[in-house]
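What follows are several structures.
In what follows, chain A forms one complex with chain B and a second complex with chain C.
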Partner chain A sequence: METLINKLKKAAPRATLLMALAAGSTLQSCGDPDTKGNAKDDAVASNAAEAVYVAPGEHDELYSFLSGGFNGQVSVYGLPSGRLLKIIPVFTQFAENGYGYNEESKAMLQTSHGFVPWDDLHHPKLSRTDGMADGRWLFVNGNNTPRVARVDLKTFETVEIMEIPNSAGNHCSPYPTNNNEYVLAGTRFSVPLDMKGGTQDVSLSDYKDKFRGSISFIKVDPEHGDMELDFQILVPGFDYDLANGGKGPSNDWVFFTTYNTEKSATLKELGASQNDRDYLAAINWKLAAKYAAEGKAKEMPANYYHNKMDHGSHTAKSTVKKTVRYLLPEDCPGMMYLLPAPKSPHGIDVDPTGEYMVVNGKLASSLPVFSFSKMQKAIEDKDFDGEVNGIPVLKYESVLKGEVKEPGLGPLHTEFDGKGNAYSTMFVSSEVVKWSLEDLQVKDRMPVYYSPGHLMIPGGDTREPYGKYMVVMNKITKDRFLPTGPELMHSAQLIDISGEKMKMILDFPTVAEPHYAQAIKADLVAPNSVKFFKLDENTHPEAVKNEKDVSMTRNGRTVKVNMTSIRSHFTPDNIEGVQVGDTVLFHVTNLEQDWDVPHGFAVMGANNAETLIMPGATQTLRWVPKQAGIFPFYCTDFCSALHQEMQGYVRVSPRGSNVPITFSTGEKKPVPPASASVN
Partner chain B sequence: MKNQAEKVKKMIMKPLQFGAVALLCGAMLVGCSSGDTENTAADEQEEVGLASQAAEAPVEDDGKGVGPVKTVEVGEGIDEALAAEGKTIFEGKCSACHQLTDQKIVGPGLAGVTERRKPEWIMNMIINPEVMTKEDPTAKKLLGEHLTQMTNQNITEEDARALLEFLRQNDTKG
Partner chain C sequence: MKAYNKILMIVAALSLGLLFLFPMWKIYLEAPQYPEGLELHIWVNKLAGSSESVLQNFNILNHYIGMEPIHAESFKELKVMPYVIAFFMVTGVIIALIGKRRLVLYWTSLLMVAGAVGIADFYMWLHKFGTNLNPEAPIKVPGMTYIPPLLGNKQLLNFDALSLPGLGSLGVFLAVLLAGLVYYFSRRSAASSAYTRHLNSVLV
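== the complex of A and B ==
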């Protein structure tokens, strides 16, 4: 892929890579930046502003959740306005609210490799009820240090992160089945498993014999959403790229694209492109679960972290799991099949009826559409074309409905509008192509800017897509927004797909590199949104629910300050008796019971961070003063007219001094009449 | 600051049309603001005063405040059990900002509040503080004086009634 991009860049140095659509393969540069407006004029509908305008004070129709890619976060945008509503930190420390910095949330980022505060987040997937997004949770994957996380959509906070053992590059993940029975996570890079929770120290030339992949089956508690790794299937040592679940007739199945069926360990760009065909792996998840339950699963030692945020104390705890169960496909007939797919396939997308599986072959000139009913028939008839590691390979012709001919260059992903149309991104030719599932003919094309990866239609992967909008996530942003140096926000483009022809209606910048997105109607999420945490339900062991209960205690070299914040003061705000080198734990409880009044807490010279405490919650900031003196602390989040006055002092005395521990807030004293007093 | 001075000028244009008192006031203000950036305290002071006094037609004020509480039955004596309940709520949700004496901390001291205000007003202030400081003339003045928006502690009508009883008890103690 990289070389292709480079070639294109050389051919068109201004890099406005618009495809001459009719020619199909000729590339044309727009040249002079001044004329680039032409592309805009052609593509943008004249009523675009009206179509995306959400008046001040009004709300968007939809929430959309865009993965942040290399920033490890999820960003939430309103649609159609493209307004950024929130950034949710998942696999990364977050300087806005102290996630991963404060003592309560540090455990969320623990792994068997230690504290890993930055990961690559690829795919958000909404939880489902009866095949439709239900607005309860969002599952996302950490790609680099394999993890799956769950975000609770009541609070828009990450509440659970589970490390995935026997995985390396958790890319085809996390895909929920239609009632969240399982969330599936597959490995992108295969590794030589040592069957003890780690990888073997082997020569890289032994790839073919020793490397394996894994598909993890994560069980989801139907009421609370808590995850549990039920079992894994150890699969041949290919690279597993993307996944998608079936629906309707294919409800029991999940599909994974694979590449590097050559099992090459080096220069994969070339080595993994030798075979004419790679595979689509089809797994009957229900049968797999049955095999696992019936005792076909074996157990091996493992070592992985499972981190959960407690609802009441807002405190995360890690558990280390020591075993994992696994199935081998060769022991489980009927559980897994391979379908020959075009070279280096990327996206696999199942249409709303559950009958068609579209495989997007990055390097293929046509887009094959498989038929689920034909696949069933081929299995029944044992229409096989050999086998790999005991897994039958089905005959291409036996499972194919047909191919979309010359769809464009570099098909990556497809989504559906629920009206019989599919939309595919063409990475190399920078366009979205609309085609019909019925006759596989191209119906419309729209240039996008530039190099689109995923595209998303709200509910586009469910039974009933909300076929009004499509968001296309582009990898390259140059010339869409004012320049900001070498690094640009990636662009997303909103396209109206309600009519026959696609209409471009909005460009908006996205944070880091979104890989995929999901969207849901606002009324499925907004009514459940938590506005503050009930102080009565705060079970944090260091919580102080009443100013008269604040305390300060020394235990060896640790000083604990259990304090409160409310508009516009801290209690206590005068603290003495701390010594150089003490570990001071500020446990701050926000006493507010009101929406949108978090209080911040920052102390001068803290080497860790600041924190932000939601109304009704308790958060802890750890501070080790290194020198004697007076250190101010203050609230960092504007809270009232007297916000600036919301501060206090800590006196730090030399080690071994005899300053007693004292703390206070205010003395009774006459308050001068307010200067702004009204008679 | 210049903008603020201009804002003050604009705000006084309306009252200027209404007779001598306003004119006098206005003349003073113009004097201040023509001093440009120097006398900022005075500008702010007068701006607050004007914002709450000018422009709007006087609201009919029955002293009950704005909110869900229209009438409250208050007994002759104090319901001690209810007051005790109120005390617990007060300590958890109110004492961070209010003293039971006449001492101001963040908000006003509450000694004598049940004599100054109608019971309905007190409960509405507890339940509905944002609307009160926007719409009720007395609450508006208090915001001007204390400059901190009273916190909405999401107190139920039932709990507000208990708080009222506790404040009544506080006021009968003398």
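== the complex of A and C ==
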């Protein structure tokens, strides 16, 4: 009997947990099939179809940019329809258009570790003017091999990728300040810096003494967007998780959540969860820039790649940077403070007024809201609670506006609707909770299916959110779509937040794992969209702008074919004189000057992808034939009624053969006076 | 001719200048795969369109049916016409200064003839391009020709072609109209001056 009581006693905490999970499950409605259907019906707005319907031929109100996580891409969706508009490859080779495969774009993926054709892309952030998204560029982070990239929203192409030295796991990145003065990128992992651009070979038991983090300040050219690493701040050896910046009164500040303030090197799930409080790191970026400009910055050797795509030649070039400047917080008073935050915080979000900072403690039961004005006062009054590495720690009570009590289980991220409400995702209880910034009371709850990560309100991180929709990105999709084996598409859910109560209006599958997203009114982007590149402005050294100028030359074992494509033929389309083992470079110029007429180029047996050439551009496909014979090539993108006929042949002869180089399109014959060709 | 007639005549001559500022004719093509449309603008001295590359796109479409590519160089008219217009403008102004009514009539008639010749020539272009097809064209529709309409619209396979005079043509219309008015108004003033002369001779 006693043992039974003991068993029950032991089981009691577990039972409560089970009950909590069961309660969560009811919200998620995965119990009885009957109630499941009902629960779904309850959650979905009765006018959902109407609310998201964009008639054929009509355009969406908004562009949304969802990170692709482990696919290294950005996917562009229209809102409210949830239609996939484009996939932009950033850190990943993309066989669909040859990005990272053709000779022009390979340099984009160069790093100090060599060619790294993959990364983990977490956070898209739109460039800003006066605190509002301006629709010019999209900055994104590469988490694994620390990089920051810039996508040009005129072409929806990646135009710049910069490696970040002294960083490991570029997670709290990229945060642009309100006029893109800087894009900030913080390290997720701290590492033992060797102060020469690499890491030291040290024992992991030396974590506490030798590991440091870094926050990078990337300067952005206001006109062209070009990035340049201005300086870094070397910060204590915590893990830095997410970043977000102020606006209005807090314009000069940027905030980073940290975890593992215990500085544990192993089994972090336990090691980094011991302290009751971790920190929110507050950095005055303007003061930091001033310190750096005034000569407080020291210089150390570095080794990092900076890759840029040239506008005219559509060719990327890499430069290797050899130094980096850095600041130490202990030398720069007033630049950095630490605010005690609930254990293992994740998101940090600043409300549209710039007064409130919400810290989502993913293991905490309440959501603290900090006040910027209280923080300023605490700094003034030196209301400190000790210091870490010379950085003052502010007193929790002195900076706290208040806590949202029992918001849900596992708060991760918060966004704002501009009407005084905040919306937080609850990972564990799979819901979004709407609460008021004024009284910190919960106003509404909406089940989301299942385990939401980030959420996004268009402009929700700016001064004026577009408070009509909210997109919640879910990590687990289970029964939302037709099953497709063990792997299911992740899901984004569109919720109408225009009224008092949230209304679910759409589920749409997303490519790979979306982390964060940004959205912007279509009017700010669509009118600037480039339709084709002007042939006259093509500065590619191998460009051919007229069919009569095509050429084929041999230089040792490299054969260069400078050719053209236009509806519906290649010039030349008969190529001879190539030998086994030659490196053949097909420099293909697309002569089209019309919207939506790219031509593809693919060769049989090439150990490469195709390349897709935009109208007016030149791209190069590298091919090394391994055997003699006839090899067809063809256009891969359906271009016209005669697309299927858009093809040609390469004759490959054995090594040392005496077949001369010849190339042609069409047979030479007297042209009757009554006819002519497009050539 | 009274001063206002002279001024009106100068305006008539100068309104031909519109031909240098605006296209004289526009051909619009629209098809399901060209929702934004393609416009060919015919100027007195060049061929252009709604976008820089419009000729290339016309030619790409035309090559499927074996139509000869259109190039500005194919038309001698484009070299001659600016001089013809300049000639009319200069002579118009000179006639205004001389103030001879009969010259206004000659000038107007000649301009009308020139306009008619221009339209006839334009029709012959269209006819030549629409019917002179390469026998090896990939797309052959038996009995089909592709003469765009001179004025108004016409369906050519999947394309709806619409042809309309441009603002430049308004210059010719204005020139003829104004010069005609000068001729008409100066008749009265010529008559009245003849009457004055008669009175004078009687009085003297």
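Simple rule for what comes next: the second predicted complex is superposed on the first by the 634 of 679 C-alpha atoms of A that agree within 3 Å, B and C clash if a C-alpha of one lies under 4 Å from a C-alpha of the other, contacts with A are read in each partner's own complex, and residues count from 1 in each chain.
Here, a residue touches a chain if its C-beta (ideal position, glycine included) is under 8 Å from a C-beta of that chain, and two chains touch if they have at least 3 such contacts.
Since the model is a prediction, treat every value here as computed from it, not as a measurement.
Of the two partner chains, chain B is the only one touched by A:Gly666; chain C is not. Legend: residue contacts after superposition of the two complexes on their common chain; A:Gln593 is shown touching both chain B and chain C. In the superposed pair of complexes, A:Ala641 makes contact with chain B and with chain C alike.
Shared-chain residue A:His113: touches no atom of chain B or chain C. With both structures placed on the common chain, the touch criterion links A:Thr571 to chain B but leaves chain C unconnected. Of the two partner chains placed around the shared chain by superposition, chain B is the only one that A:Asn546 touches, whereas chain C remains out of contact. In the superposition on chain A, no contact is made by A:Lys382 with either chain B or chain C.
Touched residues of chain A, counted separately for chain B and chain C, are more numerous for B.
Contacts of chain A with chain B, set against its contacts with chain C after fitting on chain A, overlap at residues 532, 535, 566-567, 591-595, 640-642, 674-678.
The touching residues of chain A, when paired with chain B in their complex, are 532, 535, 545-548, 564, 566-569, 571, 591-595, 597, 640-642, 666, 668, 671, 674-678. On the side of chain A, the complex with chain C involves touching residues 532, 534-535, 566-567, 591-595, 640-642, 645, 672, 674-678.
Of all the residues in chain B, the ones that touch chain A in their complex are 41, 44-45, 48-49, 52-53, 91-93, 95-97, 103-106, 141, 144-149, 151-155. Chain C meets chain A in the complex at residues 36, 51-53, 56-57, 59-60, 63-64, 66, 68-69, 132-136, 138-139.
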